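Listed next: structures, encoded as structure tokens.
Across the two complexes that follow, chain A remains constant while its partner is chain B and subsequently chain C.
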Partner chain A sequence: MAFDPQFLLNGVIVGSTIALAAIGLTLIFGILDFINFAHGEYLTLGAYAALVANVALGLPFVVAAVVAIPITVALALALDRVVFYPLRREGAGALSLLITSFGLSIILRNAVEMVWSSDPRRFDVGGAEAMAIAGVRITAVQIAIVVVSLVLMIAIHLLLTRTTLGVTMRATASNRSLALSSGVNTERIVTWTWVIGAGLTAIAGVLIGLNTVVRPSMGFGLLLVMFAAVILGGIGDPYGAMLGGLSIGIAQEVSVAFISASYKPAVAFTIMVVLLLWKPEGLRGADT
Partner chain B sequence: MSDDGLLEVRDLNKYFGGVTAVDGFDMTVERNSITGLIGPNGAGKTTVFRTISGFHDPDGGKVVFDGEEITGKPVYEIVEAGITRTFQEARTFPEMTVFENLLVGKTGHRGEKLLPTTAGPKAYAEDERAAVEHADQLLGYMELAEKRDQRADRLAVGERKLLEIARALMTNPDLILLDEPMAGLPSDLTTDIVDYIERIREERDQTFLIVEHDMDTIMNICDSITVMEAGQTIASGTPEEVRNDERVVEAYLGEESA
Partner chain C sequence: MLEQLSFMTSVATVAGIYAVLALGLNIHWGETGLLNFGHVAFFAVGAYTTAILTIPSPTATQAYSFGFGLPVVVGIVGGCIAAGLVAVLLGIPTLQLDEEYLAIVSIGLAEILRHVMMNENWLTGGVAGLYGIDRPLRGVIPPEAYDFFYLGLVVLAVGLCYAYSRRLKQSPFGRVLRSIRDDEEASIALGKHTFRYRMQAFVVGGVMAGLAGALWAHYATALTPTAFGANITFLTWVGLIVGGSGNSKGAILGAGLIIAFREATRYLPDLYGLGDIIPTLRLILVGALVIVTIRYRPDGLLPERDISYAEYCKRVEYGGE
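Coming up: the complex of A and B.
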């Protein structure tokens, strides 16, 4: 049976957006040691912020996408201040934070549905005509999605390795008390991590909405896939999240060539479980 | 007791639930000295260390550093004021390179400020360049330059101790708290670390406060020793004075017979 490279391409498109969103999730886990169930809603809110700017206010799509970033970041910071920070200060455990974020996720998702209804919506943007390149069909929008994702992943790499902020973020994730003793204001690092994590997730939401549709459940629907990407890559490891996101996206889409598309999530999780049985420390565990 | 020490700890109290860990503890660390803090297990040495460095808020008393009260300030502000600490198990950031481990200790941390209104990109670049230079200079000083780009978890235990001291120096401290710097080291490496501590005191005008169980080392390296038992100061003075103090002898005999 000849394999259609179209599936691989679809996988790269989906995988790169999952990877972006998963980086935010894993960075927050690394710094704060808790799994943020509301992370999917940040993705949804990023998409809706851009949708309002684009469709309701009539701003050009690119401007709307850029506007969505500070809005989502502001929201994530406000929620940290009002919800997570007080819990952290009182020494709440990871489980309390997890359940709280789960509740927050439901509240946010319902709020989005109340305001914008559950109808799927689309961005007002062109570039949806498919071009045929080397035997695969791809739209200008899809090329943009992959390029933007890759550029952002490279930017994150440079931030983490070439700037003291990035080095300090990694240090805080690695050993918080040692970072404190080195003079790092770790609460400020937490703030930066929300800024970067929520910013990337907002962009991921916009890109996913661009590739498919914007709807209230979009972020929550992807949450388990993002978890899979994070776990696959080794929890707290941003490079692992990139690799995990791409792997899962590609695996899901390629599976469509062999079995029904409705089994995509099962494929993602089967791969995750099998890989973890083989390498319990995650995909990148081998180089340690 | 003189009142012009670099570090003055006065009437310090710390409780955990109903348990008194530190009970009116007093100590002075003179400028440019190597001061030891000793006492039987459970005397409260670790709690004193953690309170001075800001990891615990005291329940009473005060800590004055260089004339400024630092009681209960957050850890990073105490580091900024000039006190840094090491940990007994030679903590490093294992998955980062030796050089990156040092960069974490850079002073100022201007890059962390969300809105660097006071400093433009030029000042930021200058700041980063100075940090890199400082880190490389310290790696040379601690003879770790060859290991610069190796991951910290590849270092031998002695090298990790040196890296911790280098990271401490990176914060431009006046006082370095060493928590059992000799723990887990073979005797030849202990001699090495002692040499480094004495050299750093001489050449870089540093003050050290050391908690250590290795009595030979403590007696040999310290100018002054404070002895604590059950959260209180029971003696302080030169190693000679402390060694012959009746209460000290008793405290340690008590531990041995327990």
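Coming up: the complex of A and C.
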């Protein structure tokens, strides 16, 4: 059987959205020093915020997608204030924060299901007609997904390297106490990390919902894939997360040519376990 | 009256099975500090292994291809061994790394096992599941007393796991586990091979969860993949944290409370016409309970009792407890 480039293209589409969500997860880990198990739920919330604006309020899709960002960010900041900040202030360990995020993930997922039921939903948007370009089928929506993801990744790169905020974020991630003693206001950095992390994740949720469907379990179902991307790139490393997300997405979609599509998550899992055995610090090495 | 008694018996049986699960998780998290977020994987492996070992060979109309018709005892032991093997396989890539890695990999494994259960019809019967799983001593015990007999069996399992956990508190092995949990570097400095100890603890806790799964299989007599979702892991965690991790009595108490809460709220829908939202509302409350407990009572209802050095010497001097 000749290799079908269609799988590769699907992989790039899926991978670029995973990469966005994984950057959010890895930034939050790097700055707040705990793995947020509720991260998938922020993705779901982003998708539902856009869905309400788009389908219930009848706003154009692009407007709805933009509106979803501040809504998700506001929720993430509110949840940080109520749930995580008190623990952080008391100097609770990373494991307390992690278990708390586990509880938060149950709450958010079930709250979404309570309000919108578990039925899959779709955005009200056109552009679903597939075009044939160079032997592969792609829709205008899918081209938009890839372009938006790439633009955002470049924006993150510029933010991290060209702005004071980005530099202080990287400094805090690599050595919190040193950053603190150099006069970095770490709580302010924490706030900005949630803004950027939750914002990117909300967009990822909207794009994934656009490519497939919106449902309450969508974020939790992607948690494993996002973790795999983060571990592949090295925990806390945003560039690694981009690379990891794209690789995992491509590996998953290409695997469909060989094994049952229901084992897509197993591909991500296998890659993750092999990497943990071989190179636990991530593909890009321990430079974080 | 008889109806209520039978209801109470079934609740107690399920609570007992969750207590075994919680005691296993307590060895992982409470004693050793291992973040296992895929506890349901061991539970499922225990349940499916004993089911496959004990169900009769398939007829032409059945989806599954393996049924060995072995005695229930063999099935339960097999379920425990299989769960222990899964623990070894899961432990190899994760137990040498930071705690977070185990959390991630275990939650992933549980998710993938669910896909295996749903898709591998030849092994698990797929979405339709496995039916007609035998119950131990079915022909010997009179049917009207059977549920009490089974409850007795579950209580025996809880007792065994509890007795083991108690011994662990006082044994040198248990002390090494707690030293790994509290200060791994100190433990390494004292020459302990911490990976090996972690692995042993991980296997023991996994075997307990496998036992719980096997008991569940022979109690429910039918297994479907939907019964092995992440909620089982959540409920066990909540039980352990609320009850008090590091305290075996706390693990049993917590498991009992969580199941009592679940069963008590099961009949609310009929009362207030809240049928649609109860299942999600229940989990929202359970999630909130975790957050509140970690925030305000991180040691749980029954906190771990530290045995001081002086008390320890006294116990050893007087020949133990």
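Just so it is clear, the second predicted complex is superposed on the first by the 284 of 288 C-alpha atoms of A that agree within 3 Å, B and C clash if a C-alpha of one lies under 4 Å from a C-alpha of the other, contacts with A are read in each partner's own complex, and residues count from 1 in each chain.
In this text, a contact is a pair of C-beta atoms (placed from the backbone, for glycine too) under 8 Å apart; a residue touches a chain by one contact, two chains touch by 3 or more.
Values in this document were obtained by computation on a predicted structure and should not be read as measured data.
> Overlaying on chain A: chain B and chain C, fit or clash?
fit
> Decide which partner touches more residues of chain A, taking chain B and chain C as the two options.
C
> Is A:T186 touching anything from chain B or chain C once the two structures are fitted on A? First, second, both or neither.
After superposing on A, A:T186 lies in contact with chain B but is clear of chain C.
> Classify the contacts of A:W116 with the two partner chains as first (chain B alone), second (chain C alone), both, or neither.
In the superposition, A:W116 touches no partner, neither chain B nor chain C.
> Give one of first, second, both or neither to describe whether A:Y239 is in contact with chain B, with chain C, with both, or with none.
Touch partners of A:Y239: none, neither chain B nor chain C.
> Would you sort A:A266 into first (chain B), second (chain C), both or neither based on which partner it touches?
In the superposition, A:A266 contacts chain C only.
> Which partner does A:L224 reach: the first (chain B), the second (chain C), both, or neither?
Only chain C; A:L224 stays clear of chain B.
> On the A-aligned overlay, A:R170 touches which partner chain: chain B = first, chain C = second, or both, or neither?
first
> For A:Y85, using the defined touch cut-off, is the partner it touches chain B, chain C, both, or neither? Pick first, second, both or neither.
Touch status of A:Y85: no partner.
> Give one of first, second, both or neither to describe whether A:F7 is in contact with chain B, with chain C, with both, or with none.
A:F7 sits against neither chain B nor chain C.
> Between chain B and chain C, what is the tightest CA to CA spacing in Å in the combined model?
Distance of closest C-alpha approach: 18 Å.
> Quick check on the complex: what are the chain C residues that touch chain A?
Within the complex, chain C touches chain A at residues 33, 35, 37, 92-94, 97, 99-101, 103-105, 107-109, 111-112, 115, 118-119, 230, 234, 237-238, 241, 277, 280-281, 283-284, 286-291, 294-295, 298.
> Help me check something: in the complex, which residues belonging to chain A touch chain B?
Touching chain B: residues 163-165, 167-168, 170-171, 174-175, 177-186, 188-189, 191-192, 195, 288 of chain A.
> Looking at the complex, which residues from chain A come into contact with chain C?
Interface residues on the chain A side: 35, 37, 83, 86-87, 92, 94-96, 98-100, 102-107, 109-111, 113-114, 220, 223-224, 227-228, 231, 235, 260, 262-263, 265-266, 268-269, 272-273, 276-277, 280.
> Which residues of chain B touch chain A in the complex?
53-55, 74-76, 79-80, 84-87, 91-96, 100-101, 103-107, 109, 111-114, 128, 131, 153, 167, 170-171
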